[in-house]
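Okay, so here's the structure we're looking at.
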Amino acid sequence: MTTQTQILRSKARKRAKTADKVATVVIIVFALSIVAILLGLIGFIMFRGLGHISWHFLTSNPQTIREGGGIGPPLFNSLYLLVLTMIITIPLGLGGGIYMSEYAKPGKITSFIRLVVEVLSSFPSIVIGLFGLLVFVNTFELGFSLLAGALALTIFNLPLMVRITEQAFAGVPREQKEAGLALGLSKWKIITSIMLPVAIPSLVTGTILAAGRVFGEAAALLFTSGMTTPPLNFSDWNPLHPRSPLNPLRPAETLATHIWKVNSEGLAPDAIQIAAGASAVLVIMVLLFNLFARWGGRTLYRYMTASKRMN
Amino acid sequence: MEHSKVTPREAQRRRLPLEKHRIEDWIGRIYTSVCVVFLIATIVSIVYFVTSKGVATFAVNGVGIMDFLFGTRWAPDASPPAFGAMPAIAGSFLVTLLAALIASPLSIAAALFMTEIVPTFGKRILQPAIELLSGIPSVVYGFIGLTLIVPFLRDHVGGQGIGVGAGALVLSIMILPTITSVAADALANLQRGQREASYALGATRWQTIYRVVLPTVLPALLTGIVLGMARAFGEALAVQMVIGNAPFIPTSLLESASTLTSIITLGMGNTAMNSIQNNALWSMALVLMLMTFVFIMIIRLLERRNRI
Amino acid sequence: MFKKLPIMLFTLTMILVLAACGSGNSGSTTTGSTTTGTDASGEAAATSTDSGSILAVGSTALQPLVDQVAQKFMADSKYANISVQVQGGGSGTGLTQVSEGQATIGNSDVFAAEKLDADKAAELVDHQVAVVAMAAVANKDANVKGLTKQQLVDIFTGKVTNWKDVGGADQKIVIINRPSSSGTRATFEKYALGQKTEDPAGSIQQDSSGTVKKLIAETPGAIGYLALSYLDDSVAELSYDGVEPTVENVEAGKYPVWAYEHMYTKGEPDASTKAFLDYMLSDDVQKSDVTQLGYIPISGMQVQRDAEGKVTQK
Amino acid sequence: MVMPMPFSTEDLSIYYGEFQAIKNISMGFPAASVTALIGPSGCGKSTFLRSLNRMNDEIAGSRSTGHIWMDGIDLTASGTDVIKLRQRIGMVWQRPNPFYKSIYENIAFGPRYYGIKNRKQLDEIVETSLRRAALWDEVKDRLKESALALSGGQQQRLCIARALSVNPQILLLDEPASALDPVSTGKIEELITELKKDLRIVIVTHNMQQAARVSDYTAYFYLGTLVEHGETDQIFTNPEKNSTQEYIMGRFG
């Protein structure tokens, strides 16, 4: 009897051990396959695209039917749109985040705002794009323009920015706030002069990561900033001139929409290479944003906490 | 030493502008409140505009809501036109569910790998890799789908390459990072004690994971999966490029089908505002928006369960 | 009232934002209405003193041409004070925007009456600037040189599903169609098939010519249709009822699958817009840019066609 | 009716939700003296200290009844300008919490906020405050460096200097030396003795020797009530209540 149970038990243990081994192998295989997918994707994009990237490619105008078109204006548009978006998003997002972290009292209204932020951040980008088309492009008569695009992207990034700010402020040691209070500073002064500098490293990291997201967005921009770029005069930097690259009311295709367009409408014989090259540039930009965000946050933090000279 | 006699207190009495701190707090409160009001106003106006446009199909153009939701014939330009959105709704759900089915085991395995098996390697290699994956723009995914996945499916699986399967594959890669990071967070937050108690009882790692870890974090894992599905449901360009866009309920995974988002992207520019064809697209956008609410409701319910 | 409050607040905030971004608006958003002289009798009226800004929105198929011509137009010192902006967005968007006065010119692949309500379409003035012809295109392995109208109808309605039934290889037919709202599809259905069709199950829809071409070239048994400018060696173009899809045949009125590219204005165009439209139709543009980009010059057409599809000799 | 002392509490109670953390405490703080608050953890002494400049307002769900008198004004009255009140009551915590700014800025921040813009005047205030906190000689050559680069003891004295920079009438110290090494603790204690000449000081401490060394009056708290309050010598040598005796003995032992 006892030997039988022993045998049974050791069998069970053996089975458990086998199951453990199998499961471990399966998990490792799955995890490694994710790494493989990533490496494969990045490798594929780079392999297809890197050969096409040159200074000429990065700076010259796209061509409709001839070979040798570049991505200069789309690249510029992407960056400029990012700047415009951030100019609108950062003040609004900071305000919203500070409200949530410092002013909001737990209750129905606060949880409602939290719901709003959550809903806003999960809207499909195409719905935001359509809203932008209806409201910014048509109702406000902005036309397909950088500004309309920036406003649509603001809707995207605002919830993110609010969350980043809220978390960054929540991460400020309570003692800092108390020190300010005990010194008889107003709440707003404490927020802007005491807490903000402490929160800045995580704010910077979060903001740059959010900015990277803007960079890749296309669906919302198809309906708001349009798919064309007027001929630009890169020596005219007056934002009020229609041909100035800085004019916020001109239409603009970004790198992401350019890829979309070249892929779909491209007449140029080297359309596929251009799409591949532009994709590689886009991915490299996103990578750079990631690295820069981490590096920037860390450097700032070190600078804020232990630097030799500061004021 | 003349100056030292001017104490801050005297200076304050002499110079402090009238209730400076009150003005400051007033500014701060107003500024932050305006930002919050802006947030709320944004969402209210999105909901308002999308709803009013989306309802026009039924209210102005007289299409029956049931005909729209459950009609299987989408032929907006035929005479008489038919506005059955069922093919697109079914397509959206189908690719979303398939993508979740493909991505969930992979993601959860990756999360387990990162937290339970080799945390150091996982943290150093896998986590950044996954974050990168989430940074790749969706048009690039579409491009890859069209140049890599579609020809591969066509040559090795059969069919046209383009179709539901290709769409689901592309989407599954896109939602991998979402599910993985939520799952990894949940696993990392799990108290060490439970796990150690299980090991102390002589359980193997898999037994511990299977019997202790997974049941505990199940609501959080489901939250991650629902978040991923929400993203898949709303994704437009990548899917549109590879799914084929035929307005039919697909009968096989290799068949061309359409989603709500793909029909909208294809038709929006080609139809004139306020025409019935255009309004029908807005109705689809309305369905998309309502689905977002449903997803968020599910997530909230899961989170509530998670908290208990 | 309470319900509308947030929207009002939102609008108010937006207006503030816009006001902050300010005064530069006038330069680019005012439509051509600010031009000088109302006497616009052709190109002569558009002297260098004329100024104005033109916004042309719409068809993505027509956009490369308008874009290129606009650049040339603005580079011409005669029109130095007129600025032209070209935006895509699709024919429907173009017609909506010109009809609502947001754009000066609405570019469209189809007659306005096909997209807009009759009364709105009636307000628009049609300027036909080029012709675009389409050819049925098949994957090379299908081994077919041409199809008759009836064969095409059978294929696109799903009656014929194998190439061998129309004289080709024994291969399943894969239809690469356009979305039903597409102008290209409307043209193809109207002039090649003579009827509207509904996609047989399993057909693929793509809006963009580039993707359609790629798919036809790669997918065995594929059939679709493309503008002549997209044709190359990777795909096989098919003759229609024995007529080759060539520019000559289109101009002579022998090959019927073609459509006008339209640039609509709301009412008669003002001086600067007229100058641009006239420039568009000048030999200078029609003989170089139009042909270069693969369209067929309007001036070369020996036939013309009205919105109902009635063809008459010029 | 006796006029309340210039700085005192009257029947003060603090609630966190339903829980009464401080129960009807009335006590005064004489000028130019140090009052030590002692008692076991959770006895309410820190809560009491924090209520004196109404820092408890920041904790959600807290409320108070009773009065805090300062020069005849009731600080708990609803119309009181809390921020102005805090400008007259300095506070230093257990863990040093210098701002993430330079040493100079840490001190100059308050006075500048109060309206002093003159650079020379600010320099003066920085120097005097640092001197009063016995930190001047150690940091005078590196005023532009980050305050976070200082050692723990230096940071704590910097925090005292920061509190002094706005010339408060009262200084509240919440276990100011418990996170520091013995040498730094010694310096802080010397500092307290020096500072009490111009200020009322209230200090919370767990260290009985410290209370005995630096304070003039001692108050023993237990479960939110004030058990005994009197001159330090008397409390330590001959307390009236047994529980005070036991606590003090226990802590010594």
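As written, the chains take the letters A, B, C and D, and residue 1 is the first residue of each chain.
The working rule: a contact is a pair of C-beta atoms (placed from the backbone, for glycine too) under 8 Å apart; a residue touches a chain by one contact, two chains touch by 3 or more.
These numbers were taken from a predicted model, which means no experiment stands behind them.
Trainee: With centres defined from CA atoms, tell me which chain sits nearest the overall protein centre.
Mentor: Closest to the centre of all protein C-alpha atoms: chain A.
Trainee: Sort out for me whether A-B or B-C is joined by the greater number of C-beta contact pairs.
Mentor: A-B
Trainee: Would you mind pulling out the distance in Å between where the CA atoms of subunit B average out and where those of subunit C do?
Mentor: Roughly 35 Å separates the two chain centres.
Trainee: What's the distance between the Cα centroids of subunit B and subunit D, rounded to whole Å?
Mentor: Taking the mean C-alpha position of each chain, the two centres sit 51 Å apart.
Trainee: Roughly how far is subunit A from subunit B, going centre to centre by Cα mean, in whole Å?
Mentor: Chain centroid spacing, subunit A to subunit B, equals 15 Å.
Trainee: Please compute the C-alpha centroid of subunit C, do the same for subunit D, then give the distance between them in whole Å.
Mentor: Centre separation, subunit C to subunit D: 79 Å.
Trainee: Could you check subunit D for residues that touch two or more other chains and list them?
Mentor: As it turns out, subunit D has residues touching two or more other chains at 83-84, 87, 110, 114, 166.
Trainee: Tell me, which residues of subunit B touch at least two other chains?
Mentor: Residues 20-22, 34, 38, 40, 42, 45, 146, 241, 268, 273 of subunit B each touch two or more of the other chains.
Trainee: Would you mind listing the residues of subunit C that make contact with two or more other chains?
Mentor: 60, 88-89, 96, 100, 206-207, 211
Trainee: In their complex, what parts of subunit B are in touch with subunit A?
Mentor: Within the complex, subunit B contacts subunit A at residues 20-22, 24-25, 27-29, 31-36, 38-40, 42-43, 45-46, 49-50, 53, 105-107, 109-110, 112-114, 117, 122, 125-126, 129-133, 135-140, 142-144, 146-148, 173, 176, 180, 203-207, 209-210, 227, 230-231, 233-237, 241, 261, 264-265, 268, 273, 282, 285, 288-289, 292-293, 295-296.
Trainee: What does subunit D use to touch subunit A in their complex?
Mentor: That would be residues 53, 55, 58, 60, 83-91, 93, 95, 97-102, 104-105, 109-110, 113-114, 144-146, 148-149, 159, 162-163, 166, 172 of subunit D.
Trainee: Hey, which residues of subunit C end up touching subunit B in the complex?
Mentor: Against subunit B, the touching part of subunit C is residues 6-7, 9-11, 13, 60, 88-93, 95-96, 99-100, 115-117, 174, 177, 179-183, 186, 196, 198-199, 201-207, 211, 214-215, 218-219, 222.
Trainee: Spell out the part of subunit C that touches subunit A in their complex, as residue ranges.
Mentor: Listed in rising order, the residues are 14-15, 17-18, 21, 23-25, 27-29, 53, 55, 57, 60, 63-64, 67-68, 70-71, 74, 83, 85-89, 96-97, 100, 102-103, 206-211, 229-230, 292-294.
Trainee: Under the definition above, what is the set of subunit A residues touching subunit B in their complex?
Mentor: Touching subunit B from subunit A are residues 16-17, 19-20, 22-24, 26-28, 30-31, 33-35, 37-38, 41-42, 44-45, 48, 91-96, 98-100, 102-103, 113, 115-120, 122-128, 130-131, 133-135, 138, 155, 158-159, 162, 184-189, 191-192, 212-213, 215-219, 222-223, 256-257, 259-260, 263, 272, 275-276, 279, 282-283, 286-287, 289-290.
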